[in-house]
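Given below, in the form of structure tokens, are the structures.
Two complexes come next, and they have one chain in common, chain A, joined by chain B in the first and chain C in the second.
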Partner chain A sequence: MNLLFYLSASISIIATLMVITRYHPIHALLYLVVSFLSVAMVFLSLGAPFIAALEVIIYAGAIMVLFIFVVMMLNLGGDTALQEKHWLQPRIWLGPSLLVLVLLVELVILLIRGNTPAMEISVVDARKVSMALYGKYIIGVELTGFLLMAGIVGAAHIGKHQRKLLHRFLIEEVNAESSTTREELPRSVANMEE
Partner chain B sequence: MTVMQHVWIVLGVLFVLLNIAAGLIWLERRMLAVWQDRLGPNRAGPLGILIVLADTLKLFFKEDWIPPFADKGIFVLAPAIVVGSVLMTFVIIPFSPHIVVADLNVGILFFLAMSSLGVYSIVLGGWASNNKYSLLGALRGASQMISYEVFMGLSLMGVVMLTGSFSLGDIIAAQKNVWFVFTQPLGFIIFLIAGIAETHRLPFDIPEAESELVAGYHAEYSGMKFGMFFIGEYLGITMISAMTVVLFFGGWAGPSFLPPVLWFTIKTFAFILLFILLRASLPRPRYDQLMEYGWKILLPLVLVNLMVTGAVALWLRGG
Partner chain C sequence: MTSMNAQIVLIVAATLFALGLVGVLTRKNVIFMLLSIEIMLNAAGLAFIAAGAKWGQPDGQIMFLFILAMTASEVSVGLALVLQIQHQHKTMDVEKLAGLRDEEYNMMER
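Moving on to the complex of A and B:
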């Protein structure tokens, strides 16, 4: 079990580093998928099969597909890779990595001192997770539901098109006739309806 | 179970599945011919069954061409994902009381996870080909499969509710008295429709609609890479049929004059034939019709099914 954990944990670290250093957006996203899959393996090796499955279904299987979908539609290719190359200069990443290095040193010191309790692996199955979610933490689930609903309503509002009264060919004709004044449009539409 | 037994089960399942997937090439052409009043393949071997061999050899000896404008690594990776993800799903399917690779306690979730990873093969194959038709096919495939995954997952939750477990072994045990197709008829129909859309078979083969998109996401593929998409599709049909049998038709259960494995095979092949019959008889809908049908009809239906099932289950339990 321990070996599996360290193996998948190191894969996830390497994959995440690759996400940051790839220039091409699709390649970076694919490494992110690998990273999610290895995180799912980490969960599995720590005795949380339900969360592992959800990690694959939701993050790797749905959200990342949507990301790749959008990147595909925008057709980000060579230009973006060049831009990324330009952005990834030492001047940019040196500061953050120094700060992270300090955190890493702290973590190592804490681990060496060894006064952290050893992790106990106990399998938490789907039933226990759902009992906790819909029992003790029900208010959190409901609040998340509100938040998601607000998100959906917002997206529907942004994505809403103005309703067309006429067939698109007729509207083009009307526009061509009254291209000088915009206000004539409703009147000619009214005429046409008569 | 010893380690050796496990290895034999894995190898046996793999061998049988790959042969079934190849054999479906013949079965599909032959059955299509029967339903369309033609002869179908009848030259190579008895009833033309050696066409499987001829087809495979042809695929192996064709030029394996990677277009220079394609993204090479991803282009090669995409066909492997489809076969890999479908074969992984068979890990959880119990073919008989003793023949199962691993009865996971999150079985159904594992199935959903693998089928959602299968989307990548279409998306990446279409994108890496760097071809407008392929990209259009990939876009259609991604949105179709993501949408129908939602209904597929929700339609199975009724079964999970009645069983109280995600494990396929428990689900078969719970169908000892009455199959879930009788208690969950709506769930069964929606699962079957979503399954057809997930395997992008006719009438839902919009990602590869050959009359508009040449061949959609695999237009640039040739040789055995195309063959992998081909085999992946047949494996997908087998997988959805086997899952339908396990979830709604009692799995390997049946009268005792035949062994359980044979019952499982018979039921699975009945559904495979249904898939082929659908291809022979239904026209392809328009793309927006497919999405509208999913989100405006299937989603409300599946939610109603879920609520009614939950209410009845609680009422029966006297809660």
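Moving on to the complex of A and C:
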């Protein structure tokens, strides 16, 4: 169990390191899937099998597929990789990386100095989780429903293509060439601008 | 069952969080920044799972469920914003998106 944890934790760290250094978006996404799968193994070794299954299904399945769809729709290929290679110079990433490394070293020192006794890992299965989730955390479940609803409405509204410019060009064409429908025109323009 | 030290798991979570933070700070592409935010949220969830495993209670896993729902809605809205950025500005560079309103719209309003 310990060996499983150390192995999958090191795989997840290496895969995440590869994610933030890749130039091609699809390569970064595939390394991120590897990272999420190994984090799911970490969850399994920590005694949380339900969350491990959810990590595989939702993170590595649904969310990564959403990213891959967007990369495909935007057609981010070799040109993007070249541009990323041009953007990711050492003088750009060196300063933030060093500062974050100092923060990480501080955090690790703080974590090591407080020596707590070793924890006894027992499996907390889906039954206990769901009993607590629909017991004392029921208000959180309802608020999560609100959040997902707001996310759906927001994504549908933001993702809608606005065709206002096309309408304005059409209005200019109508203005330029028609003189017979002079009485109707202001009303239609007002309708379109609404 | 087996025994493990809680600090090791927290160190792994902190390392993953720091890697995600480096990704957000150094990348200029919007999609890579969203990926790095995913990494950071996942690391926070790992810390919650470690805390829940230390006490043997289901509360940590429930917090991970809430983080999961929040991540899903955040990613859907963020990717819709990415599509709109690409559609309107034809770029993925966040530094090109400095203006809050685009120039054409300003000209039309005048």
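Note that the second predicted complex is superposed on the first by the 145 of 194 C-alpha atoms of A that agree within 3 Å, B and C clash if a C-alpha of one lies under 4 Å from a C-alpha of the other, contacts with A are read in each partner's own complex, and residues count from 1 in each chain.
Quick note on the criterion: a contact is a pair of C-beta atoms (placed from the backbone, for glycine too) under 8 Å apart; a residue touches a chain by one contact, two chains touch by 3 or more.
Keep in mind it's a predicted model, so treat the numbers as computed, not measured.
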Look at where chain B and chain C land on chain A after superposing the complexes, then choose clash or fit.
fit
Scan A:Ala62 for contacts with chain B and chain C and give back first, second, both or neither.
both
For A:Leu82 in the superposed arrangement: first (chain B), second (chain C), both or neither?
neither
Using the superposition on chain A described above, determine whether A:Phe50 touches chain B (first), chain C (second), both, or neither.
both
Touching partner for A:Met72 - first (chain B), second (chain C), both, neither:
first
Report for A:Ile121: first if it touches chain B alone, second if chain C alone, otherwise both or neither.
second
Applying the document's definition of touching, compare chain B and chain C: which contacts more of chain A?
C
Identify the partner contact of A:Leu30: answer first if only chain B is touched, second if only chain C is, both if each is, neither if none is.
first
Is A:Val39 contacted by the first partner chain B, the second partner chain C, both or neither?
second
Just to be sure I read the superposition right, which of the two partners does A:Gly151 touch: chain B = first, chain C = second, or both, or neither?
second
Closest pair of CA atoms, one in chain B and one in chain C, after superposing: how far apart in Å?
14
Of the residues on chain A, which ones does chain B touch that chain C also touches?
50, 54, 62, 66, 73
Touch list for chain A against partner chain B, complex
26-27, 30, 33, 49-50, 52-54, 56-57, 60-62, 65-66, 68-69, 72-73, 125-127
Hey, which residues of chain B end up touching chain A in the complex?
71, 74, 104-106, 109-110, 112-113, 116-117, 119-120, 123-124, 127, 135, 138-139, 142-143, 146, 149, 153, 164, 166
Residue ranges of chain C in contact with chain A within the complex:
1-12, 14-16, 18-23, 25-29, 31-32, 34-36, 38-39, 42, 46, 49-50, 52-54, 56-62, 64-66, 68-77, 79-84, 86-87, 92, 104, 108
The chain A residues in contact with chain C across the complex are 1-2, 5, 9, 12-13, 16-17, 19-20, 25, 28-29, 32, 35-36, 39, 42-43, 46-48, 50-51, 54, 58-59, 62-63, 66-67, 70-71, 73-74, 76, 80, 83-84, 87-88, 92-93, 96-97, 100-101, 103-104, 107-108, 111-112, 114-116, 118-124, 128-129, 131-133, 137, 140, 144, 147-148, 150-152, 154-156, 158-159, 161, 165, 168
